[in-house]
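Chain IDs A, B, C and D follow the sequence of writing; residue 1 opens each chain.
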Amino acid sequence: MSLRLQARKLACERDDRWLFRDLDLDIHAGEIVRVEGPNGSGKTTLLKILSGQLADFQGELYWNDHPMRRTRQDFLANLLYLGHAPGVKAALTPLENLAWYQALAGEPDDEAARFKALAAVGLAGFEDLPAGQLSAGQQRRVALARLELIPRPLWVLDEPFTAIDRDGVAALEGRLAAHARRGGCVLVTTHHELADSPALRRIRLGQGGDDAAL
Amino acid sequence: MWAFIHKLGSPKWFYAISERLQPWFWVAAAVLILVGSAWGLAFAPADYQQGNSFRIIYVHVPAAFLAQSIFVSMAVAGFIYMVWKIKIADMAAAMMAPLGAAMTFVALFSGAVWGVPTWGTWWMWDARLTSMLILLFLYFGVIALRGAFSSRDSASRAASVLAMVGVINIPIIKYSVDWWYTLHQPATFSVTSRPAMPMEMWAPLLIMVLGFYSFFIAVTLMRTRSEILRREASKRWVRELAGEVS
Amino acid sequence: MPLFREPEGGAGVAIRATLKRDLVLMMRRRSEVLNPLVFFALVITLFPIGISPDPELLATIAPGLLWVAALLAALLSLDSLFRSDYDDGSLEQLLLSPQPLPALALAKVAVHWLLTGLPLALMAPLLGIMLSLPAGSYAVLALSLALGSASLSLIGAIGAALTVGLARGGVLLSLLVLPLYIPVLIFGAGAVQAAILGDGVSAHLAILGALLAVALSLAPWAIAASLRISING
Amino acid sequence: MAFDSLSAFLAMGGHGVYVWAAWGVTGLLLVGVVLHARAERRALLRDLRRRARRAQHHGAPGAAATPVSHQEGHARES
């Protein structure tokens, strides 16, 4: 299926400071795009803009060659966003957390799929424990289980490797690569160095100054 | 039309045009307020019931009018900012809020002082005074909300939404307070809803109202210009302007 | 697993799931449901102690007292309405759902009313007895509170959404929201007053209903817009 | 003219205190608003001029002109 996220002349000014300017992006199916840059260079902001959360920026976004404003619903139906915070309710069990996400995404209510997704991220046996009793890394894995549960081609992941152990990192990296191979597309920020592959592309954001280079 | 609005929205253009408009409003405000004051204080006849204390009406009513109008203007400016992203509108809204609160305070204070000779007490839960008090709290809310955000863009948006929510509520509040007042104080004498006033009495009132509005416009223009300098301090045209002035 | 599946469930499924999730969450932190009720009872206890135990005096001020105390109790739990979702990142996910945000926000507000406003309304007649509220006004008290507190939850949610991104939004929230509560208070307490005096209460209840209708039709959009602002930080 | 003499004007038929208090506070507030607006504008212009001079000295207009107003940046990243 066709998959194309474009940004033209993207610029974001936050309280009189340019985070980036004249940023042109072209993200296709089968790509892993890593957004790099020092702290405060606007990586999270860029991801929020590209995932349609922020509206106050200059420039245009296109989803499958249509302006984003008109295809927002279609875009959101294709998007899976994992934010800085895992979005996991401490008082709910992993299963209940995933059930809400399933309904929110318009997926059928399928308990077997939830069990499978949790097993895939190494949480078999923890399904019915309140998430608050899990470690930070395990909570992050609950969030990552959404990647297994909800089929969406465009992944926007903000620091997904945070708090994950080495095995988990390797598994997630494999998961990203597999997603790209199958024609999906991943946009990711991370301090973890990703293994080089033909699918991997890097975007560098400048030091929050005037020159945001591609 | 659109081009015009967006041009008006450009801070540089607004700065230039407001510089030419501003003096007229200052002159109008000064002349109208002075004439209105002299007429209202010295020439208008005394009220047959209240005597000379009724002359407080000439500051109370214009201030009360302005207090409400400023809130509405603030909401309109907030709407313009939210829909068309015109920053000037937000700057003006930010500058209007303290003036609106000040005017509400004037209306409250003059109303309270007026209460002493009329009702024999400094405070009466009169419908207009109560509405004014609530309006003052609404102003405090908008000002406090704007001050609470660390990001100015978010502050502007939040204050705009709150001003719009407030302006929808103001008529509801006013109506319900009026209703509450008539329920609890049937047929008491209200200071401002009076039977037909003779021309010599309402003419100075009209002049004062116009004077207060001119004053509001003049102050808002002036302070919005200051706000432009503050927010656009890094822009080249502002730096050049500062160079010229020095 | 396929790469993409067209979302099947519509807004209805998402709203139901959100209702269920919030209900479960609140039931697991039962103290948050009970605290406003205890607060309500406590405030009502303070008044006879602070003013006078004279039943006649208490009866005259009871409608207003009960309404003001219930209003403050409902306000108490408002700050947490979106706060935990904001802190753990669920709010972002709510905003990015392909479902209409006003409807989802409305679901959250509905849970707040169900577990705060409604219990307060049911409890108010009990406290009315303690304030020697005249007979014949108990049903109206509960009904007016149930109806009015729905408006309060809706209006309050706007304030909660505006302040959720602020570290210390609690006091500010009260400052923003309380002036907007006044019309509801006037007609709510007025209904009880009218019932005591033997006047018709249908006009008051109708106006409370009208206020609720206005709040229902406008507040969800204001809440959604405010949440989007707050998420921008 | 509604008054016969200056003292009658000042006394306002016994209500002088109230009338003059209301007018006085209003007048003070209006004047205060004007003075504040003027002081604010002057301070801003002075600040801008100082900044412009500093930029000339250092020869780096962009860096010197970054406003000091707002605290932390936006992006909350680790």
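We take it that a contact is a pair of C-beta atoms (placed from the backbone, for glycine too) under 8 Å apart; a residue touches a chain by one contact, two chains touch by 3 or more.
What you see is a predicted model, and the numbers here were worked out from it, not measured in a lab.
Asker: Give the chain pair, either B-C or B-D, that is connected by more C-beta contacts.
Answerer: By number of C-beta pairs in contact, B-D is the larger.
Asker: Farthest chain from subunit B, going by the mean of C-alpha atoms per chain?
Answerer: The chain lying farthest from subunit B is A.
Asker: Kindly work out which chain lies most centrally, taking the average of its C-alpha atoms as its position.
Answerer: Most central by this criterion: C.
Asker: Just give me the whole-number Å value for how far the CA centre of subunit C lies from that of subunit D.
Answerer: That gives a centre separation of 41 Å.
Asker: Just give me the whole-number Å value for how far the CA centre of subunit B lies from that of subunit D.
Answerer: Centres of subunit B and subunit D (C-alpha means) sit 16 Å apart.
Asker: So how far apart, in whole Å, are subunit B and subunit C when each is placed at the average of its C-alpha atoms?
Answerer: Between these chains, centre-to-centre, one finds 32 Å.
Asker: Indicate the whole-number Å distance between the mean C-alpha point of subunit A and the mean C-alpha point of subunit B.
Answerer: Measuring from centre to centre gives 47 Å for this pair.
Asker: For subunit A, which residues are shared contacts with two or more other chains?
Answerer: Expected reply: 14-16, 56, 84.
Asker: Where in subunit C do residues touch two or more other chains at once?
Answerer: Subunit C, residues with two or more chain partners: 232-233.
Asker: Please output the residue numbers of subunit D that touch at least 2 other chains, ranges allowed.
Answerer: Within subunit D, residues 62, 66-67, 69-70, 74, 76 contact more than one other chain.
Asker: With touch defined as at the start, can you tell me which subunit D residues reach subunit B in the complex?
Answerer: 1-3, 9, 12-16, 18-19, 21-23, 25-26, 29-30, 33-34, 37-38, 40-41, 44-45, 47-49, 51-53, 55, 61-62, 65-67, 69-72, 74
Asker: Given the complex with subunit A, which residues does subunit C contribute to the contact?
Answerer: 1-10, 13-14, 16-18, 21, 24-25, 28-29, 84, 87-90, 92-99, 228, 231-232
Asker: Of all residues in subunit C, which touch subunit B in the complex?
Answerer: Going through subunit C, the ones touching subunit B are 158, 162-163, 165-166, 169, 172, 175-176, 178-180, 182-183, 186-187, 190, 211, 214, 218, 222, 225-226, 229-230, 232-233.
Asker: Touching residues of subunit A toward subunit B in the complex: what are they?
Answerer: Interface residues on subunit A, with respect to subunit B: 14-16, 56.
Asker: Help me check something: in the complex, which residues belonging to subunit B touch subunit A?
Answerer: Residues in contact with subunit A: 85, 151-153, 231, 233-234.
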